[in-house]
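All chains are identified by letter, namely A, B and C, in their written order; residue positions are counted from 1 within each chain.
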Amino acid sequence: MERDDTKLQFDEKGNLRHLLSLKGLDATLLTELLDDAEGYLTAPGALPIRSQSLAGRTIGNLFFEPSTRTRASFELAGRRLGADVLNLDVNTSSRKKGESILDTIYTLEAMQVDVMVIRDASNGVPAYIARHVDDHVSVLNAGESDVSHPTQGLLDLLTIRQHNPDFKNLAVAIVGDIQHSRVAMSASEALQTMGVGELRMISPPALAPDADRFPGARIIDNLAEGLKDADVVMALRIQRERIGNLDGVPGIDEYFANYGVSHASMKFAKPNAIIMHPGPMNRGIEIEGSLADGPRSVITKQVTNGVAVRMAVLTRIGKIMSGL
Amino acid sequence: MERDDTKLQFDEKGNLRHLLSLKGLDATLLTELLDDAEGYLTAPGALPIRSQSLAGRTIGNLFFEPSTRTRASFELAGRRLGADVLNLDVNTSSRKKGESILDTIYTLEAMQVDVMVIRDASNGVPAYIARHVDDHVSVLNAGESDVSHPTQGLLDLLTIRQHNPDFKNLAVAIVGDIQHSRVAMSASEALQTMGVGELRMISPPALAPDADRFPGARIIDNLAEGLKDADVVMALRIQRERIGNLDGVPGIDEYFANYGVSHASMKFAKPNAIIMHPGPMNRGIEIEGSLADGPRSVITKQVTNGVAVRMAVLTRIGKIMSGL
Amino acid sequence: MERDDTKLQFDEKGNLRHLLSLKGLDATLLTELLDDAEGYLTAPGALPIRSQSLAGRTIGNLFFEPSTRTRASFELAGRRLGADVLNLDVNTSSRKKGESILDTIYTLEAMQVDVMVIRDASNGVPAYIARHVDDHVSVLNAGESDVSHPTQGLLDLLTIRQHNPDFKNLAVAIVGDIQHSRVAMSASEALQTMGVGELRMISPPALAPDADRFPGARIIDNLAEGLKDADVVMALRIQRERIGNLDGVPGIDEYFANYGVSHASMKFAKPNAIIMHPGPMNRGIEIEGSLADGPRSVITKQVTNGVAVRMAVLTRIGKIMSGL
């Protein structure tokens, strides 16, 4: 993301208008968004919080890659705020007809769709769209290639803060296919802004990122070293097709033995360390199933926080729309 | 379904919490559900009954097999009770990514989806899910392999009761591919509980069920004998791919001649007998088209009753959720 | 469309009940619908107009051909009027199971779906359905083979009227694959009823329509001649598979040079002529991209008008349903 794209996220008064990346969101804004999100959490079994802060607005879910959880999370967040949510199965319609993505956006804009939630496999698409929409339209990045997934970064940040808000004294270890991970990118951006004590990116050498993509983070290829005294351990999903096929990436058993977040490997982390995963999980590959279901796992909490941070973001951009 | 699964449907106070099967629902409960459903019926052309009994609740439609009518029926039932309904096209997303079904459920639970409506081609999936969900979540079986389709059983029971509530003096004939029919299973369970006078399962020998699956029913392979003086005739859908291909199953013309519910074969039934079909119909194969559209057919009435019984079931489990 | 089908659109009091074609809608009714639609337009960025004129009603979107924009437009129109909207992905469910289209309709009717919005690739399907539905059900044609797309015709008419309401003095030029265009058919029907000054159908000879399909229109194969002093220029989408493959249809470059609506060819039209396109566009084939985005283009205005005319039509048929 270019510097201009970072600025592009704010209107002339400095209010958040698009959410394309967590770059450029300062600690104050991140904290406000997390605080707002906390207000949308309820006890298990209680009715979800609802408001009418987006009543009359229309959210378009444009997922050019398939997704259940993120699409559902945005849909529920929008509906619980009183918005209309339009799901567009973009694979099977306009794209078949060869329509350009901007023409799809202009069409939705003309139908008074105010918020475009975009997931796309190509780098730069959400910012490209944000540069072309009308003044009253907001663009939310719901997953962009391997570069950005900002609402995921926010929910990860909230989940870590719930465990321990003292970011400066935390060691966070992210394990897996760092090179291809938009989740690692957005989490890293958010954590660096909050002044995280230590950030470690652990992967087989073949899946290690370019060093300049994670400034301030340590790139590590040894799991024991990487997890040592960690407060937070985040396992990343690895694409099955990469395992054993990519040069230098071991087969499943070897991957799990060397890079799996397991009861065995968690012994290196702090005893109260939490375990995170963005889902969907490959149990037995990047994470041991019983650990994912155990008391240290905060994986379903992440999902709950996901709806809450999306409600917080939607409410904030909705206020700009209403000129409040 | 195991005995435990039957019990699993009720909470500790004995209230219906999940609907997995009609086994274990006694005549009192079945009657109450039908009575409640009657309250959701209106005259043709009138506005449907609406309430807010599920306001604030979220229903997840998880159909792992394609379906129009049952999915639409649950969706309309939920919305007319004020719930949010989330449709998940599960074939095209998580399952592609290899996520386990329980992880999908845990994810939805964490998003405060309170009711999971499940259709699955595998035996035991709804009960498996019910054993794993949180206390405040309900599971409704919307069609499970060839073993259970309880809301279909309820709508069939209601339709029969509207014709004649004196179950003890009724002869009900179910015709077709009994062996593979979850519709026959659930109808049979409900009718036996209500003390139906006579229950006959009519099919070519190759499609006859194991005798112990339908205790109390007569297994018959001659249509004239099976329909003799029947009050209710229910034709089942036969999968086209089974016709003429399965050993001992005749081709289309022969199937229709020997097992088709037709003007000719209905002469054996009582003159005022009603004709039922769960849909979608293969006209000219298991049922004669003009008969399906004729005055004795209650097929569209079944569909209307389907929305009503689903509203009744949803309202009942919603009361438990709210602690009423 | 037969004469009977034209009459079929009105109830016994002469009120519009189904919208199958613009044939048979007189100038008074067209004008009323456009006037009503104007009432649903707001300034860009403002909240869309909402009402409860269809509250309690259910709209079924049955698209047997894929569509993003028309489906979304009907969905938003319905929801902004307070209706429940049920999207049915008909390709992947009942039709796979071999259910007849009428059985699908009867099923939806029995679920109290009041408005059937139908898109189908076959000629005659909407009228066929309209002849079979219950008295309280309305059928709206959302695109039928190459013969009719009446809400598109209404939005085109509204867009032209916004440019210049003096239809009698307007020259309207429609350019492209006229032979296969339901858009051209419906626009032509509406414009003729309004007494348009001149209507010109421009296409390569191989894509020219039978002369009797567009009575009163001039069939032209020379673009310069066709656009001369035109007030309105409407480019039609051409199916890519027809270009260069159909006998007598030139390749892309030649098509654009000879039949493309471009800065070059627009010099023949009036200086203030507007440019229309039903979408989705093939930029660089039937229309020059920069022209589509330029000041004379009213293409996104057409989309906005599309939601408004659909709200107008739905409100009008909703009044009949309620006996008003």
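Of note:
Criterion: a contact is a pair of C-beta atoms (placed from the backbone, for glycine too) under 8 Å apart; a residue touches a chain by one contact, two chains touch by 3 or more.
The shown structure was predicted, so the numbers you read here are calculated from the model rather than taken from an experiment.
The two sequence copies chain A and chain C touch through a face in which the numbers common to both fall below half of the numbers used overall. A rotation of 120° superposes the C-alpha trace of chain B on that of chain C, rounded to the nearest 5.
As a whole-number value, the distance joining the C-alpha centres of chain A and chain C reads 41 Å. Counting only residues that touch two or more partner chains, chain A has none.
The touching residues of chain B, counted against chain C in their complex, run 42, 44-45, 47-48, 50, 66-69, 71-73, 75-76, 79-80, 240, 279-283, 299-304, 306-307. The touching residues of chain B, when paired with chain A in their complex, are 56-58, 84, 86, 88, 90, 92-94, 96-100, 103-104, 106-113, 134-136, 321.
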